[in-house]
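Take a look at the structures below.
The following pair of complexes shares a single chain, chain A, combined with chain B in the former and chain C in the latter.
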Partner chain A sequence: MNNFTLSTFLTSNLQVDETTISLIVDHCKTKTIGQGDYLLRQGEYCKHSFFVETGLLRQYSIDAKGKEHILHFAPESWILTDRESVYFNQPSNYFIQALEPTRVALIDEQFIEQLSEKVPSFIDFNNKLLHNHIRHLQNRINQLLSATAEERYLDFIKMYPDILLRVPQIMVASYLGITPESLSRIRKELAYKNFKK
Partner chain B sequence: MTTKTVELIAGPPEPHYVGDGFRVHNFIPSGFRLDMQRMNPFIMMDYNSKFYFSPSEKPRGVGVHPHRGFETVTIAYQGKVEHHDSGGGGGVIGQGDIQWMTAAGGVLHKEFHEKEWSKKGGDFQMVQLWINLPAKDKMSTPKYQAIKNENINRYSIENNGGEIEVIAGEHKGIKGTASTFTPIHMFNVKLKKGVETDFSLPANFNTSLLVVEGSIVVNGSEEAPTNNFVLMANDGENFTVKAVEDAVVLILSGEPIDEPIAAHGPFVMNTRQELIQAFDDFNKGKFGYLED
Partner chain C sequence: MNNFTLSTFLTSNLQVDETTISLIVDHCKTKTIGQGDYLLRQGEYCKHSFFVETGLLRQYSIDAKGKEHILHFAPESWILTDRESVYFNQPSNYFIQALEPTRVALIDEQFIEQLSEKVPSFIDFNNKLLHNHIRHLQNRINQLLSATAEERYLDFIKMYPDILLRVPQIMVASYLGITPESLSRIRKELAYKNFKK
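Entry: the complex of A and B
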């Protein structure tokens, strides 16, 4: 559960043998960073998509008042990047930081091209990943506009079942767009509802 | 009866902090020689070797976190720890005391240096163990055994050579103080310099020694200094421990629980599905609530 390589991810999602995949993935660099280290800082150009093999990343912005806003957490087998920076060659508005010691596979355009060429089914899969990501963002916007904080929390724990035990609550609150006190209250109310001694 | 030989003597791994109050060497699970199965039912051992904590108005420790599927046992050698849980329980353990918490179906708890102790600071030395529970008891009701040092049954070694605190199990007719779910022996062995004593524990029981103070020789030839962990082989029953200098040794021995282990974070279950359930129950407040 705590270690998921890019090869495993691809072979378990594509009709392809391990030899073909390893020929391509072997060219793919990995990077290991410590807790608190950055893969991307605001103002830099993002060059890769990061596939998390082990560890945990967060992507966040800092507003004019210096407050952090977390867009995503990316635990094992998640892919995280700043698409605006990678695909539109813009300086990034975001930070990508490791919340635990983390190893990522660095995915670049060349890798995507090679994989698409050698493994045609990857094209469909990559498309599916993209649409999945768009769906996720769409849901997130809709929830921030219309759902109650408790509904957003319940959706969060479905998507990220173990994050609450891996990051400080203040970060979960930041992701949900609520104060840490509100998160505490929601969790307390749920406990009163669900805890049976 | 044959000799139980030494399989491995390991020095303390690099320490890391659990919260800000426990500076521990993690002996179990570490690598393939000491994974969760090798010392099963002892599936985790964190050892806070003697370490000076400076005075602090704000007690150091570990905030609210859950456990399910096993027991946590804290053995205090030096320093004081205060704990609270979502079932409304709490208490303080000091030098020589033991807190045996059966998390079983699930608790939230937090552990901090005791307030007054924290203000003064001092040497701190503790062992925390996770002891697995068999499937049939994993979801049972949580409970505590707060074991004060004066209530631990003791075996006295002849000629004033020291004593053996029988925390659990049995040693030479002295029954252990704690109740356990599966057969377990747990002894705190305190030996005067030069004294040798013998033990007989079943061959199939996974057995280890932790040298908490001083240094020892096992079976007449295997030297283990302070803070070393000695893993005994499963090849026999009898072994001897001799104190090279005044020594304190924690002996653990338990019958392996022959069931699959599915572990992630603070949950130890039998299947992946049960783990997913544990995370979901925790997230939805089914472990209760505890203020930070």
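Entry: the complex of A and C
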């Protein structure tokens, strides 16, 4: 299993000295949860950003008919959170659940804000995280609107290269916004195309 | 036609004195363009955020088959931009076009960054804009994945109450990710339901 600590992530992304990194890492507690356990449930207030050190998370919603829809997967070194709930202090519309035994670093958003006031390079870092998030969300919308199911599947494999081996097909289909039957057909067609080559 | 100036917007959203507001407004030039004109084309670098003072913009992409997909509409008082292109200095994947004669204030992102260093309340303001953007994008993804076409149409009317009267149905269908025929059917069914009441 891969292992990316928050400390490694910050060192390679933040232009600050080791003392500041230690200060942050010491403040951000880690939490270990089992497969199937939740970090957030619909209706709760999300208080942290979750940096995945080991394991795998998913963020999903449940519609009026009880069907699940996966918005994001977060494997090692990804950050997952409901920024709407954290920032606007609103009950969340989403669930965040571990799909494997998972250890996360709990990033306290208030602490980040306080730090931004003291360490100016933290403003840039936070800005970069937010813009990365926006880029990811905007691409996802464009893809849901404009890409064929096959294109979406191929992009999924590029973005999450090892997740196909870690989650059931029904979850991949949910992320792609297609039925498991369509996903199965796409996989067969791709295998046939590649075999012909 | 409604008229929301950048000055009004900043005064009601930023906790700073009038001198700072004037400083910003003086720096942000306005631009008036005709119906059908572009503020951004695919492949160009987006350099500004566009605050709509009068008129209406749309942001869209064109897929490999030449089909348009509308990601956002921006009527008066909305801000539209390709943050990915601005922030990461990348060629844009999107077009931003005026659907009516439109006047925008050109918000210079570098200027905003410089201002954040001088005026601390600007960091909060910028943070709020980014989080609002994330909230909007996340809800849109969740809706594309989980809501029925009828639910999406009803939410569209709530979010953009007067746009139905300002753009052709084919653009509304493109935003909703459905065919114009499906939109037409949904509208008929809703009219029938409401008439029965």
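Methods note: the second predicted complex is superposed on the first by the 185 of 197 C-alpha atoms of A that agree within 3 Å, B and C clash if a C-alpha of one lies under 4 Å from a C-alpha of the other, contacts with A are read in each partner's own complex, and residues count from 1 in each chain.
Criterion: contacts are C-beta pairs under 8 Å (C-beta built on N, C-alpha and C of every residue); 3 or more make two chains touch, one makes a residue touch a chain.
Predicted model, so just to flag it, every value in this text is computed and none were measured.
**Q** Evaluate whether chain B and chain C can sit on chain A together after superposition, giving fit or clash.
**A** fit
**Q** Quick one: classify A:R58 as touching chain B (first), chain C (second), both or neither.
**A** So A:R58 meets neither chain B nor chain C here.
**Q** For A:I141, using the defined touch cut-off, is the partner it touches chain B, chain C, both, or neither? Pick first, second, both or neither.
**A** second
**Q** Of chain B and chain C, which one touches more of chain A's residues?
**A** Per-residue touch count on chain A favours C.
**Q** Quick one: the Cα-centre angle at chain A between chain B and chain C, nearest 10 degrees, please.
**A** 150
**Q** With both complexes superposed on chain A, which partner does A:I123 reach: first (chain B), second (chain C), both or neither?
**A** second
**Q** Pick one for A:I157: touches chain B only (first), chain C only (second), both, or neither.
**A** first
**Q** What is the contact status of A:H48 with respect to chain B (first) and chain C (second): first, second, both, or neither?
**A** neither
**Q** Quote the smallest CA-to-CA distance from chain B to chain C in the superposed model, rounded to whole Å.
**A** 20
**Q** Which chain A residues contact chain B in one complex and chain C in the other?
**A** In chain A, nothing is touched by chain B and also by chain C.
**Q** Please give the residue numbers of chain A that touch chain B in the complex, ascending.
**A** My answer: residues 1-2, 154, 157, 161-162, 164-166, 184, 187-197.
**Q** List the residues on chain C that touch chain A in their complex, please.
**A** Interface residues on the chain C side: 61, 63, 67, 69-71, 82-84, 87-88, 93-94, 116-117, 120, 123, 126-128, 130-131, 133-135, 137-142, 144-147, 174, 177.
**Q** Touching chain A in the complex: which residues of chain B?
**A** 65-66, 86-87, 264-266, 272, 275-276, 279-280, 282-289, 292
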